[in-house]
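Written out below as structure tokens is the structure these notes cover.
Chain lettering (A, B, C and D) follows the sequence in which the chains are written, and residue indices restart at 1 in each chain.
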Amino acid sequence: MGSAQDNKGLLQRLDEGVVIGDGGFVFALEKRGYVKAGPWTPEACVENPGAVSQLHREFLRAGSDVMQAFTFYASDDKLANRGNEAGKKFTGRDINNAACKLAREVAEEGDCLVAGGLSQTPTYLSGKNKGEVQEEFRKQVKVFTENGVDFLICEYFEHVEEIVWAIEVCKEAKLPVAANMCIGPEGDLHHTSCGECAVKMVKAGADVVGVNCHFDPFVSLEAMKLMKKALDTEGLKAHLMCQPLAFLTPDAGKQGFIDLPEFPFALEPRICSRWDMHRFAREAYNLGIRYIGGCCGFEPYHIRAVAEELAEERGKKPIASVKHDMWGEGLRMHTKPWVRARARRSYWEKINPSSGRPYSASCSKPDNWGITAGSKELKQHSEGTTIEELQGVFSYIKA
Amino acid sequence: MGSAQDNKGLLQRLDEGVVIGDGGFVFALEKRGYVKAGPWTPEACVENPGAVSQLHREFLRAGSDVMQAFTFYASDDKLANRGNEAGKKFTGRDINNAACKLAREVAEEGDCLVAGGLSQTPTYLSGKNKGEVQEEFRKQVKVFTENGVDFLICEYFEHVEEIVWAIEVCKEAKLPVAANMCIGPEGDLHHTSCGECAVKMVKAGADVVGVNCHFDPFVSLEAMKLMKKALDTEGLKAHLMCQPLAFLTPDAGKQGFIDLPEFPFALEPRICSRWDMHRFAREAYNLGIRYIGGCCGFEPYHIRAVAEELAEERGKKPIASVKHDMWGEGLRMHTKPWVRARARRSYWEKINPSSGRPYSASCSKPDNWGITAGSKELKQHSEGTTIEELQGVFSYIKA
Amino acid sequence: MGSAQDNKGLLQRLDEGVVIGDGGFVFALEKRGYVKAGPWTPEACVENPGAVSQLHREFLRAGSDVMQAFTFYASDDKLANRGNEAGKKFTGRDINNAACKLAREVAEEGDCLVAGGLSQTPTYLSGKNKGEVQEEFRKQVKVFTENGVDFLICEYFEHVEEIVWAIEVCKEAKLPVAANMCIGPEGDLHHTSCGECAVKMVKAGADVVGVNCHFDPFVSLEAMKLMKKALDTEGLKAHLMCQPLAFLTPDAGKQGFIDLPEFPFALEPRICSRWDMHRFAREAYNLGIRYIGGCCGFEPYHIRAVAEELAEERGKKPIASVKHDMWGEGLRMHTKPWVRARARRSYWEKINPSSGRPYSASCSKPDNWGITAGSKELKQHSEGTTIEELQGVFSYIKA
Amino acid sequence: MGSAQDNKGLLQRLDEGVVIGDGGFVFALEKRGYVKAGPWTPEACVENPGAVSQLHREFLRAGSDVMQAFTFYASDDKLANRGNEAGKKFTGRDINNAACKLAREVAEEGDCLVAGGLSQTPTYLSGKNKGEVQEEFRKQVKVFTENGVDFLICEYFEHVEEIVWAIEVCKEAKLPVAANMCIGPEGDLHHTSCGECAVKMVKAGADVVGVNCHFDPFVSLEAMKLMKKALDTEGLKAHLMCQPLAFLTPDAGKQGFIDLPEFPFALEPRICSRWDMHRFAREAYNLGIRYIGGCCGFEPYHIRAVAEELAEERGKKPIASVKHDMWGEGLRMHTKPWVRARARRSYWEKINPSSGRPYSASCSKPDNWGITAGSKELKQHSEGTTIEELQGVFSYIKA
């Protein structure tokens, strides 16, 4: 198994310019039929490797500099949680191992780095101790190092305490560590401010810090500003990273899009356009963020839009731009003249798209549960959720 | 090259039950980076066959009974129109041939039929005569028959005159013919009513008739009602077929979604949810439509929703339902209890999703150009569109 | 009691130019505290004559050429219906008589005509016969003629059969008769088309025909087009009249705004702006309508907008324009410069106002009850509605 | 000229319970045809006293405990500003004097207090000194005391410096002083926080403090919370007062509704329903506010809703409730059964009204000018604004 050792490493690339991340695997593969919404685990790496490779390849063509191994939620405790059958068929090791190999294989089709990723664990949510939680992380990191990944990502953590534990384990591997919490400007679920989260991650050893998932690009950049300001105030140095949702969430509460009533099966009207991503990429870059990618909802065309917006800074366009003239210019080849007339930046830059939904509102009232790690409702259990359990919480649910 | 001769053919399947079509290749592959918006031609069949196969496979897993060869707009005149470079690299024959082989290959992974498809031509829009138009069709049909497709589809025609010419050519091949116009309840662009279009298609020899593209599922079903009524009135027998957009278009005018200002790069807020597709499938079935599929915007998960809604009628669920418990039941495995509480049909069936876009309206005012076949603005030319041409039409466009 | 005999009568005025009607008394006086929503009866003429006079005066100043005596629903059967206490205190004669005197008194402050009005009766809705219904009308018309009104208006009828009976009674008084149904383009509640309603009203003797209430200005004009076309086809001559709502109702069904869930206490977001009324006045005029006024929701400033739009045709501005420079020009005197910048027609003509309601949709799903005259739920009864009655219809209502 | 000396005074009433204010005179009388939008001055007191009295009477019937003399913007400098002709016909003394007499006359029809009011001056906006500004106030206060008003209100001030000057002048009159700034949670236009504004007003001698105008009820209550908290922190005692807009303004910036593009002629979709006012009254009361009324957009029915919500606390319903059964119960007398079914609190309390405007958004992008007192664009000048002046600021304006 090769490594990107001939290439520049992550930190050198970030020092010299922009690194473009990839998009959201669980949401994209759910729509393609390979991931189950609910458990959201990545057994597709073993079950349908071709589908996973194809998505890697699309992101590579769209401009991603990083092939992030599809290891989201691939800890043993998550694979066996609440009726998920993945854990009966595969170990975390099986999946993490397959994921690394797929990522490397496609990475070698371009000039890409490979990253292994950790994410929050049911063990932590169940209130277990630091040793137990870190043991889950350590099992994954071992597979990542065996596979020679180029760096490690801790992402999708709602509690800074847990991500600090994850970073500590990653540091044992002597690889660069990027750390992202899935928080917005209100901070983590234990009332830690955004700024304080950033400071703690850097102090724990993260080389790159930021946010991913849970909020839209523009809400996420508000959180990034707070992180940046706190790091500056503390005189701490770290690269900044942002991999937000591709769903608009101005109405989300502290816990982000999972609290919106539309999550996860009716988020369509919130999907960002490619033009939203141009704006995101520019604003992120101007803010000093150098690792720019996406999370749930980000499809290859969203990443391509990021790469096209930053084409000048990067000195190149992504491969997939061969099928996408900038700012809609390809429409000059459309059959109808009024569509050809839309082939210009000023048209798309300003468009405010209608929803075609006259019975729908602009905003939702999110669920706003206050429970966090340790609450009994969050405890891991391997059997499925029963109707009785649901009724215990929501008396209006009928069998 | 095999054929589905051991299997039941299209018409027998339609007599006995439901046939599920596939979704929209040009839009899906545009987002994946393999098709250019504007020309919308399918050279990906030659350039990136793996990406095309993967999409076929996803539709197969989602429940499609038909692998429709990706031959949309693959006529020689379209490949060379208005600056499209595809025509310089490949002939229509190259692409049609590759498309058929890819479709058959995946079809054999399941119990699927393969179809070859014709669509409207720049030759017709340029006002050329019947002989010239039919010659374009004949070249494609020849490749289809050489490849042993199971049936032929004429689709995306805006003028009933042209689709009748296409059907006539298809009939020469002695294969079943399905014919779809991209019209809504207002009828074709030459003021022919929906009902009259259906009658003409059947009289020309189509075995299956209906609409595809240009309008959302529910507007399309209004058009289908008009077609059905006219056929009943005339005492004509034909199977009904509907492959609409997966974008909501209550505000579109006669020419459908291409007139909406959001077409094609800001349609995101209009994307149908899987629950919209459950409703579409049920309403289509109740109306007597037996060939039910999708066009632009339909992703594999939309087709899966159609197949899940009709699981009882079909006596089976699609393969990809292994990763999708019905009506969101998979959410019982979610980490958070309030998301688990959404694991029920009554929740998703009634959801009215918000857009997260407080500055956007519900409806758009469509462009409503009246030009049709023969207008100079529609004439084929092989060179690209110039700024001067655009300015001739829209004086407000600046260089 | 004087009369407008020195002035030109209604028909002469309509022959020569435009007649501007007044606005909606029941809705305006409900908001001012003098009319009860539910029964909607006009006992304020006796109880609070000053408040009624003031509203007449405001419409006169706004440009109304007609002081319509506030006799809406002032038939004896309506005053005593379903718990309405007005009927215990006053007879229909008391109220109609007071209403005529108030209207005349203010009319003489300008060059206005006075009209007495009839509207639909509980007697008809209860399925009583023609003689009984006409007897209710005859009692009112007698008071109108004693008071020397200049003409009669039949308005707010949902069934053409009943308005024809009303017209017949009015014709006995040898006064001009204007007849308006509260219907939209779908016609009356007995499936009579708009056009047929117009024809029947003219054949019954109406000099002026049209629609009032129940739909917004633009939906109402669609109904007017159908009426006009039918009269033209039949070769019938009549003046046209339109007094619509000042609430936007694109989503209302056949029975208009009373079916909308917001009726009558949450219609605020639908209120038309003065600029909507400019457009209404111009479109009505261009359609050949010469009696242009308003119904529920029309406040004095809406009528002033109609009069200002037609100032050139009428050769004068309304009195109240002394406090309203055309097209917002008065804003030049505002303190803030950016508000002064809005002092121009091009700004207000194109404004598309936001709702400030991010949780609200654009359209409502109306109740669509199919019951009409004769149904038991519509029968008059003098006692109030009980909870049990409501529960009989809506099982979900709790005591 | 009598006074309310037999009655309880303002402060005693506030100590013992709730005082309900009145609604917005300039907006209500603009729609009735007696006030010009732009200058917004109250010369109607002299020109059309009957119209002013009628509006007082409607508020009295709706539950107002205070007849606020209609003296808004009745300072000599404002009457002569930017082309306003009111100043050529009347002095400030004429108008203030007439206003006091009209208010007292109607107050005596009930148990009401009379207040005289001061508001911000062009003199201050023009950067004149304290002496000059206070001289404008002193002229008005002199007329108020001659007329024996019961207390004084300073309202609609955007700068705390100016309202402090106004309070100082009011204190010379030895009457209770209520002071309201037209600010939201962001504070005054000179960057003074809400809390600091409250503290300064109380320290200057105000007995009652709060906010009026510029923001909707719920945004205004956010500002009130900040004021209350600051007073508590400082250990200062004062009664709290809130008289907000009846227009929803979640999207307004620091300067409130005048920055919204809809101001002042297209605000209709934002008008609060009576049910919004029930909620406002309850939330204000729970927050400890005891002087609760309204400003622009508040019509008599909005004040009635406040009084009905607080009927139990006040031990009485307003007079006008004789025409308004609580929570829509009067609908039991409606003709149609499905409207009768809406006669219940649970229906109206939860209604989320649609706008009937499918082309409109929920939110507006406000103008956000940063200019404040002293800027040249704000300077008083007596001549009207010229097109050239407007073009100097907005180059896109055409003559």
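One rule holds for everything that comes next: a contact is a pair of C-beta atoms (placed from the backbone, for glycine too) under 8 Å apart; a residue touches a chain by one contact, two chains touch by 3 or more.
Keep in mind the model is a prediction, meaning the values are calculated, not measured.
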{"item": "Superposition of subunit C upon subunit D: rotation angle, C-alpha, nearest 5 degrees", "value": "180"}
{"item": "Between A-B and B-C, the pair with more C-beta contacts", "value": "A-B"}
{"item": "Chain at maximum distance from subunit A, centres defined as averaged CA atoms", "value": "C"}
{"item": "Rounded Å distance between subunit A and subunit B, as computed from the means of their C-alpha atoms", "value": "32"}
{"item": "Distance from subunit C to subunit B - Cα centre to Cα centre, in angstrom", "value": "49"}
{"item": "Centroid spacing, where centroids are CA-atom means, of subunit B and subunit D in whole angstrom", "value": "59"}
{"item": "For subunit B, residues contacting two or more additional chains", "value": "251, 352, 357-364"}
{"item": "Of all residues in subunit C, those that touch subunit B in their complex", "value": "352, 358, 361-363"}
{"item": "Of all residues in subunit A, those that touch subunit B in their complex", "value": "30-39, 50-51, 54, 57-58, 61-62, 81-84, 122, 125, 216, 247-251, 258-275, 299-301, 304, 319-320, 323-325, 328, 330-344, 348, 351-364, 367, 369, 371, 377-378, 384-385, 389-390, 393-394, 397"}
{"item": "Sites on subunit A touched by subunit C in the complex", "value": "251, 357-365"}
